[in-house]
């Protein structure tokens, strides 16, 4: 470091140092939770209220996330399933991505439907993965049984008791979508909400997609919109603490460090530009 | 003559398929009353299901393309290490295909169902999930190196970005309500306005592209030139 | 005995998953053989996985209509067209591929754009205009005006791209639009940061509590 000013050092912190500090800032709160309060934000309240106000017997379509995004959606999906299984509603699971089927198995290993007295085929079932993106959504809306000849395990749809009454989009009350793809979150609006605006659309996206989804929410096409990050708030609200609450502390740790790095970077850069070389 | 079945017929198929979907959209009401509406609905639905079925065949192109690239690489690679990576790729791909064909629940005979689950859970899951997740480090480095106020517009980006990171931090959510109110306002008004402008522009572009595709002006999807 | 074997197999799986996770993350340090190995494993696994699932779906959504009971004989058509698509790699018969892709493109493109008119354009315009007539406190009214100005100026920025419309006194409109976009991107940047942390913390949870089995 000889001959380098403090400003120079601050302006050129090696990336390995940044990575290590950020990593520690994420790990420490996971091992030693800070126990910070978890204020429940407005979007999560809306999400909760929408599910809570579902009339008994409502049919809900759940389009869950793909494998790559699972670490982000874990807590929101698990908490939503706990909430849904505790309500007298029927669920149809759907995967818009080939890797989604693994996600479904993982979810059900964390939320046991039997604990809520729910039976496969009677209270819920999975229609599998249908490729095609928006055309798959369109097919489901128009003629459910033509689009879904069998469930995800290959059982013919006629042998699934709860599928007997499902004809098309008109039988559904709500869609809940967890996705890391913009064409999926907007696709449901195009293929379902435009056709039947009465359907309540709950959309959970990666936080980075919130700005692009917000115009649709403000236009009334989405009933509840949230990012995946505040899963802890939802766990707190339904009284099922899980990975989301722990995550909240890791967010605080990592983001505080990032804020500090932004400040350091800017101070160093401004000081350098003003020609104040700093203390040698 | 050959241009007829090589080019004109595929373009006509695109147009007819699009036309059926258009007619279905505009002329089939939610409550079907006329027999012709019912027929149109049937054609629209069948066509949509056919497109979904054909999309499965397209997935196979990925396997063929990867195989071609890596077969070439094995033949041309100079070092054994490079050959090893491509050979390993084939081994993993073959393992997934073989176990999948006898383990994926929708197959006829599934004696390898448990192995299929294992492969998904312990090989595919960590890889798929970590690829996106590891970008956090580049993001951190980017925050420090690139997020600097060099121009006035850059300063606006920086200030809003900085406050927005605070807004998304649980600590500030609990103890700095003014940040929450400020960014809530920005997210609800100027950000929605700007993004809506961007999205409407993009949608108009996509609609135009769709019409050009239907009428045969846009032909990139047909692949190589004749 | 069977339980012990299952446990061992599960444990081996967790160790492999941990190894692959660390191998992928190692690229942030620099490109290395460990990452290359994981990268090739990933490409092979993803391709093989999709292929197996696609075959399963062709059975479920196609062959099932024909066999073991004949439900709809017309499904032979997409199945044949689907197989013909693989002539894409043939030197002279490559054009057979186009029949299948024409059905997929014609159907999916139309299904998307026809609904996009309502979902992405008309509803957005209606919502923007209607908020001008919404009553509320001063901050809400100010917000609504800002929203409309931001909308019009950013729309102008992208739609009216003739150079003459971005110069002179008219140049103020796209310039204002750019300011609003900068504000919007600032907010976007923060949400991207949060997403990356969110995803990585998910993997850390696996490494710390499932692999190393540290007390939660």
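Labels A, B and C are assigned to the chains in the order they are written; within every chain, residues are numbered from 1.
Note that a contact is a pair of C-beta atoms (placed from the backbone, for glycine too) under 8 Å apart; a residue touches a chain by one contact, two chains touch by 3 or more.
Quick caveat, the model's predicted, so the values are computed rather than measured.
Asks: Can you pull out the chain pair that has more C-beta pairs in contact than any other?
Replies: B-C
Asks: Measuring from CA centroids, which chain ends up nearest the centre of the complete protein set?
Replies: Chain C is the most central one.
Asks: Using mean CA coordinates as chain centres, what's the chain A-chain C distance in Å?
Replies: 14
Asks: Chain B to chain C: how many Å between their CA centres?
Replies: Each chain reduced to its C-alpha mean, chain B and chain C end up 4 Å apart.
Asks: Please work out the Cα centroid separation of chain A and chain B, and write it as a whole number of Å.
Replies: So the centre of chain A lies 17 Å away from the centre of chain B.
Asks: Scan chain A for residues touching two or more other chains and write them down.
Replies: In chain A, residues 19, 69-71, 98-99, 101, 128, 130-132, 135, 138, 150, 154, 195, 207, 210-211, 215, 218, 229, 251, 254-255, 258 touch at least two other chains, as defined above.
Asks: What are the residues of chain C that contact at least two other chains?
Replies: Within chain C, residues 28, 49-50, 53-54, 57, 59-61, 104, 107-108, 111-112, 115-116, 120, 124, 184, 187-188, 191-194, 197, 199-200, 202-203, 206 contact more than one other chain.
Asks: Residues touching two or more other chains, restricted to chain B: which are they?
Replies: Within chain B, residues 46, 48-49, 51-52, 55-56, 59, 105-107, 120-121, 124-125, 128-129, 131-133, 136-137, 143, 147, 158, 162, 165, 168, 187-188, 191-192, 195-196, 199 contact more than one other chain.
Asks: Would you pull the chain A residues touching chain B in the complex into a rising list?
Replies: On the chain A side, the touching residues are 13, 15, 18-19, 22-23, 36-39, 41, 66-71, 98-99, 101-102, 105-106, 128, 130-132, 135-136, 138-139, 142-143, 146-147, 150, 152-154, 170, 180, 195-196, 207, 210-212, 214-215, 218, 229, 232, 248-249, 251-252, 254-259, 261-262, 264-266, 269-270.
Asks: Where on chain C does chain B make contact in their complex?
Replies: 9, 12-14, 16-18, 20-21, 24-25, 27-28, 33, 36-38, 40-62, 74-75, 77-79, 81-83, 85-86, 88-89, 94-95, 97-117, 120-121, 124-125, 128, 139, 143-144, 146-159, 177-194, 196-197, 199-200, 202-203, 206
Asks: State the interface residues of chain A toward chain C in the complex, per the touch definition above.
Replies: Against chain C, chain A makes touches at 16, 19, 26-27, 30-31, 69-72, 74, 98-99, 101, 128-135, 138, 149-150, 154, 186-187, 189-191, 193-195, 206-211, 215-216, 218-221, 227-229, 243, 246-247, 250-251, 254-255, 258.
Asks: For the complex, which residues does chain B have touching chain C?
Replies: Touch list, chain B to chain C: 5-7, 9-11, 13-18, 21-22, 25, 46-64, 66, 81, 85-86, 88-97, 99-101, 103-108, 118-139, 143, 147, 153-154, 156-165, 167-168, 183, 185-204, 206-207, 209-211, 213-214, 221-224, 226.
Asks: Give the list of chain C residues in touch with chain A in this complex.
Replies: Chain C reaches chain A through residues 28-29, 49-50, 53-54, 57, 59-61, 64-65, 104, 107-108, 111-112, 115-116, 118-120, 123-124, 126-127, 184, 187-188, 191-195, 197-206, 208, 214, 216.
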